[in-house]
Amino acid sequence: MTEEYEPKILMIACNWCSYAAVDLAGTSRMRSPHNIRIIRVMCSGRVDPQMVLEAFVNGADGVIVAGCRLGDCHYIEGNYKTLRRMALLKKLLEQLGVEPERFRLEWISAADAKKYVEVANDMVEKLKKLGPLRISFEEISKLIEEVKHIE
Amino acid sequence: MSSVRGKVLVIGGGIAGIQASLDLAEAGFKVYLVEKKPSIGGRMAQLDKTFPTLDCASCILTPKMAEVPRKANIELITYAEVIDIVKEKDGFRVVVKKYPKYIDETKCIGCGICVERCPAREKLGAPDEFNEGLSTRRAVCILFPQAVPRKAVIDPNICLYLTRKTCKVCEKFCPAQAIDWSDTEKILNLYVDAIVVATGYRFVDPRHPALSIYGYGKYQNVYTNIEFERILDSRGPTGGEILRRSDKKHPKRIVFIQCVGSRDYRINPYCSAYCCMASIKQAVLAKEHEPGVDIVILYMDIRAFGKGFQEFYERAVKEFGIRFVRGRPAKIVEDPNTKNLIVYYENTLKGTIEKIEADMVVLALGIVPNPPDFMKRLGLVEPDGRVKIKDPSDPIATPVEGLFIAGMLAGPKDIPDSVAQGSAVAMRVMQHILRRKVEVVAT
Amino acid sequence: MVTRTFESRVTYRINPELMDKIKKLGGVGISKCFDCGTCTVSCPFSEELGLEPFPRRIIKYIKLGLEDRLLSSLEPWLCYYCGDCSDTCPKNAEPAETMMATRRYLVSKYDFTGISRIMYFTRFGWLIAAIILAGIAFIIGWIFKGPIVTERVELGTFAPVDIVDTAGIAVLVILASILIVNIYRMYRFTVGSLKGISLSKAFIELIKIVPLHFLTQMRLAKCSFREYWYIHLMIFYGYGLSFILFVPLLRLTLTNKPFLFVDPLSIAGVLSTILLIIGATLAIKGRLEKKTHVWRYSHHTDWMFVILLFLVTLTGVLTGIFRTLGYPLPTYVTFALHIVLVTPFLALEVPFAKWSHLAYRPFSIYFHRLKTLKEGVVL
Amino acid sequence: MSGEEIRIGVYVCHCGTNIAGTVDVEEVVRYASTLPNVVIARNYVFMCSEPGQQLIKEDIKKYNLNRVVVAACSPSLHELTFRNAVKEAGLNPYLFEMANIREHCSWAHPDRRKATEKAKDLIRMVVAKARELEPLEEIKIDVTKKALVIGGGVAGLRAALDLARSGFTVYLVEKRPTLGGHTARIPFIRYLGVRGDELISSIVKELVSMPNIKIYTNADVVSMEGGVGSFRVRIRVRPKYVDSKCNLCGECVKVCPVEVSNEYEYGVGTRKAIYLPYQTAYPQIYVIDPEVCTRCGECVKVCPTKAIDLDEKERYEDIEVGTVILATGYDPYEPEKGELGYGLSKKVITLFQLERLLDERGPTKGVLRIGDTEPRVIVFISCVGSMGTSPKAGSYCSRMCCSTMLSAALKIRDQLPGSYIYVIHKDIRTYGYDEELYWKALERDIRFVRYEELPEVKVSGDKIEVVVKDITIGEYISVPADLVVLVNGMAQGKYLREVLNVVRVSCGDEGFVKEAHVKLRPVDAASEGIYLAGSVTGPKSVIESIIHGSAAAARAATVLSKDHVFAEPIIAKVDEDLCSGCLVCVGMCPYNAISTKETDGRRIAFVNPVLCMGCGTCAAACPSGAMQQQGFKDKQVFAQIRAFAR
């Protein structure tokens, strides 16, 4: 690899707000980093901590979970549940030695394309500094099972 | 919906007409949609992108167009005109003139082979209306790639067979044997309960004497905004490349002139409502096509009144660096060698007389309603071109019971407002029909 | 009045009535203006001399009521009323008319006597004034007239030349001094003071500009409507010529000899009257036909000017004819009439009404030059 | 289906140059065709067009595809279009998946190589998910042929009227004690001679005469569940403390000790704690404002018809409807105290207040007096609270203020021919036929001053000076004003936030509700069955709101005319063998859609398909993986994640 290191980031976005925000960023022709790949779920509440770990196992250098602003959830309170789960996950990741910068939970409203671009840029920048993720995936894989019991 | 709840005629297959037809059909009404051109879609189909979201027009329009033939309740009659309506006790008799297509719609599969083969091209061809005459089309043609219905039409005025009794190439190659030389003009009578007229608008003539100062038609590199839209469009005559008429070079400086044939006592005193945003959009797109291009918009008032318009306007200034100058040019002079245009205007916010040399000038043309002739005959059109309405607070109901208008015909407006009016008029039609029939199901 | 607020920026207190005044003086359509600036660009004058672009700006001053700003502007005088702006105006706001009305307004402001205010703002004030002056002229004439010789035409005897001459000179001096004061006021309003310019420089400019434009009115040639310039020249030179004949050379022209076609002077006299008659007739015709912008709208002061001019010339011509044909009484009567008409014509027109632009225009160009010479003056 | 071989077709859209311009479509197609199970990969200029869809249909038959992936724009735009196409070809519409390579890729990244790479990844991920897709059956919902209209302003009333006339049952819920909203307070609409209150009364009169409409004033919607075809809504009706026995004698008002400023006159008049909002208000019943009422009981004593009951309690009603129309409108921007002299002098008022003062039926009987003198010089300052003129203001244009301002100005000229009117503005935005107002204003000698830096309104005792720089001449002018009118724009409705907590539609930053598509679906909300009318989606004139009302009604009618609609089956489903009955999921569900049921002696979770909205929170929580969200099953999402990096 001669050219500079390009982190790969997975973003799991809720259909109603954050996914729409990324769409808006596109239609407004805002330049956003190409490093981000997006998976659409109906609500951030669907996001199972396993998914995040799975992403790291499969070579993601960073993961963003994004939902509607607290209080704006299309499903009333789904994102509060996400908040709870991800808070726990964060601790877990730290214990695993996954730098906190690699995982972030963001609330991005459908109108807030700007915020998406900021978040994306910021993350890419940080990850470029950190470099690729180096921890044993076996550990995570083991964990994935335990994580099931977060609630 | 099993039983049909009423019959409606919708004249004009633009976005307003389409919306009205779809809503009516959805609600279980039988709709005859009559369109003058061989395809529905109207003006919006000619657009590259739409403001302020910069959605590509065909991406959001074509699905709606495609829905029309899918609806069992809609009978689509293209390449036809309503020449007269006759009021009858509870409804109208409508006389429709159907122009000959010389192609059997039921057989044509829209493969376009005939178009490829047609020898009536270049000099023998005709200016392509869809591209505002910036390109030529052949004698047999499909209006545009996404046309609905996607059926070919033969232009009798240039068809070699119909003019000189030679050729018939299309017939040889047509895989569906759809060519029908015996086709003739047909008159149909329809009986309907209500009529929606959504025939849209026409542009003021850029060659009007009062506009001669801008030199359209005299100077090659002066364009109308609809021409420019075609140029921006990847499906357009230049494949989406901005090239000057004179030398096919990319322009470095483009000047947009607002209120051309709008807010002008000598032509059309009203504001055309769409042009400010349209020009800003075109300017932004031009910047995308030619990042280096320097763009000046000469305006009177920027009427960014709709949702997200003001924000879009501000972005055009801040992010895209488009220059807005308040002034109305009084003369444009062409440099005979370079064919560049020198635009003279007063920068009214600086109080200085300035001139710009531009490679291209785009005129934001004003628009006026385009009512069908029978409306004029019925005395439903004011001298100033506005369509008469029954009640000032209700712009879509004409004095004639059961005759409604929608879209640009009811006054200048942007696409969302046209769509809203399309739906609204559908509602009015439903009531007009149901109020007589339905007895209310109280609870 | 100009008030200074916190920062040292000038804030003009507005006078809402200004627009109404200008409308009274013929500013038709001024209301319609939505200042697009089309007029400014179509104007053949506003681009030269680095002027403040007009008419748009002037119109805006009036609409907002910036009286002081308007009073200090020379632009109205630099407009030669060719009507190109009115032709291109998308709102039919007739900018040319506003400029004309503004000139009328300025004349009324420059004049210190207040007479021109009456001329312009009252419909028949001028008529009354004219009648009074005519009366005075008649009475004075009656008192000082010589014996009436009926067998021969002896105009010189009927109207003793010393009397007419001195009277003429007297009137001339009065009018000239009033005009000079008004021009000085114009200078105060527009230029303010000569601060920043050496007197000699100012003087050289004066020599350079005023006579040139006074005699040629060449800027008028820039108008697309040429005829307009020719008529101006005809009237100007016709008037100028007869002025020389009947004021400085009066002693040679006001004699008992028959006048027409007898000597070079009388030839000149014929020429001058022909010029005046044609000029005046064309002007009247034009104002009646209203074909071009220049003549579409006529203020009562315009009619006053052309009509008086026409009558004065006519009576002058008749006097000459009768005199040459040797009809004593008609000669005396027409001559008396001529004097009775010429007095109000000069007295009212030269300093107070339309005729005064003969002086204001060349001076406006001069003053504008002075303005540009002064440093730090924002135009 | 499990046994059958998986055959995927991938279709890459050029979208004109929108995608092909930056993404190397050919290469992407080449790559896609190498992916496992991909039978055919193609590209076409406009996949969404008729021929594009035709292409898919033909291939499905030709290559008997059983999965279809389209790489084009955002699914929010065209997922439905393609599902229909797939369906028409006889394939289950849920065996289709979309990759967003326009908004998320070609439009966001100018770099051709990078964009192309990303497009490949996105397609790979989606193809991976597609492999795991399963056919789903749409949920058939019987349509309740009733509609709920929230908001009794002109848009809501018009929508209600139209639906009622079309024979549907309509519930109309208005937050305030009277119908009509702000429109009822506009004395003249667009100088057309149409009176707002008359416009409203004419609609209301017809409405109340109809048997199929139920009007709740002083009420709000407190909860809403379900979806298109059948929403279950709870309405709270707050007490008015006065019942229909009220004969409008007005005795109560005389004795009421509490006096407060009258919001129905925008503060130019006052009212008592018990009051009738205004003469033509509907319903024609006095109402007590509990906020300010001291419960002194004076009114009760004097009321001749014993119509007043201070102990009246709020009541709840549960209704079921097929569609919901949201028409809660706007509220005028309220200038801060001191903003352009507002609140510092009685000579500085807002446009809404001016309109009240110019109303023949208003507090001043329509004569414009400041103190007891006629104002001579009147100054309008436009864009107050719009176009970011104040920190509190939105950055948007309030659309109707220019026309309203000029109508008012013209009215003043009619009334006070001697007045001088100065309009201090940014742009004059009398778009379309309203331009007539502008030229009328000009012809009536109204002066226009164009500003960039905000004017200053100097209030010194009784004198007011407005100092502003007219940028068309670059001079500062000072106007001695007898009356200053702040042309305040339209801002988010005071109660919108509350409503949105119940009716789940998203709201833009500028404070107005977002449409499903701002261009082509201006009255549809993002969630099916919910429609938007009037200024709730952004500033609109009265007439535009009427049109919007009808439009929303039309859209609602398209649903109500059907006997049943089909809802996306992306709901939760329990694998009964796996479910251990721990019921973690039950606590998760915001809609109480999950209950328990007994199967062969085991207590397991059961999802009510009608109640479930398909958020998937339960699935995320389920420890055994028994709870799955259809269309987003673990195996599907995980497959997508695993395909993330080759």
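By letter and in written order, the chains are A, B, C and D; residue numbering begins at 1 in each of them.
Methods note: a residue touches a chain if its C-beta (ideal position, glycine included) is under 8 Å from a C-beta of that chain, and two chains touch if they have at least 3 such contacts.
In this text, all values refer to a predicted model and were calculated from it rather than measured experimentally.
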item	value
Any chain that touches chain C and chain B	D
Chain whose Cα centroid lies at the greatest distance from that of chain D	C
Chain A and chain D, separation of their C-alpha mean positions in angstrom	30
Centroid distance [mean C-alpha coordinates] between chain D and chain C, Å	67
Whole-Å separation of chain centres (CA-atom averages), chain A against chain C	84
Centre-of-Cα separation between chain B and chain A, whole angstrom	45
Of all residues in chain A, the ones touching two or more other chains	27, 29
Sites on chain C at which at least two other chains make contact	34-35, 56-57, 91
Multi-partner residues of chain D (each touching 2 or more other chains)	439, 472-473
Graph class of chain-chain contacts, one of line, ring, star, complete, other	other
Interface residues, chain C side, partner chain D - complex	3, 5, 9-14, 16, 19, 31-35, 56-57, 60-61, 63-66, 69, 91
Residue numbers on chain B that touch chain C, as the complex places them	210, 213, 259, 263-266, 300, 327-331, 344-348, 351-353
In the complex, chain D residues that touch chain A	74-76, 100, 102-105, 107-111, 114-115, 117-118, 121-122, 125, 500-501, 504, 506-509, 514, 526-527, 570, 584, 588, 590-591, 613-617, 619-621, 623, 629, 632, 634, 637-638, 640-642, 644-646
Chain B contact footprint on chain D (complex, rising order)	15-18, 21, 45-46, 48-51, 53, 73, 77-78, 81, 84, 145-146, 162, 164-167, 169, 189-190, 192-194, 199, 210-212, 387, 395-397, 399, 427-436, 439, 450, 471-474, 512, 515, 517-523, 537-538, 542-544, 546-555, 557-558, 561-562
Chain D-facing residues of chain A, complex	8, 10, 15-17, 19-20, 22-27, 29-32, 34, 37-43, 45-48, 50-51, 54-55, 58-60, 68, 71-78, 81, 85, 109-112, 148-149, 151
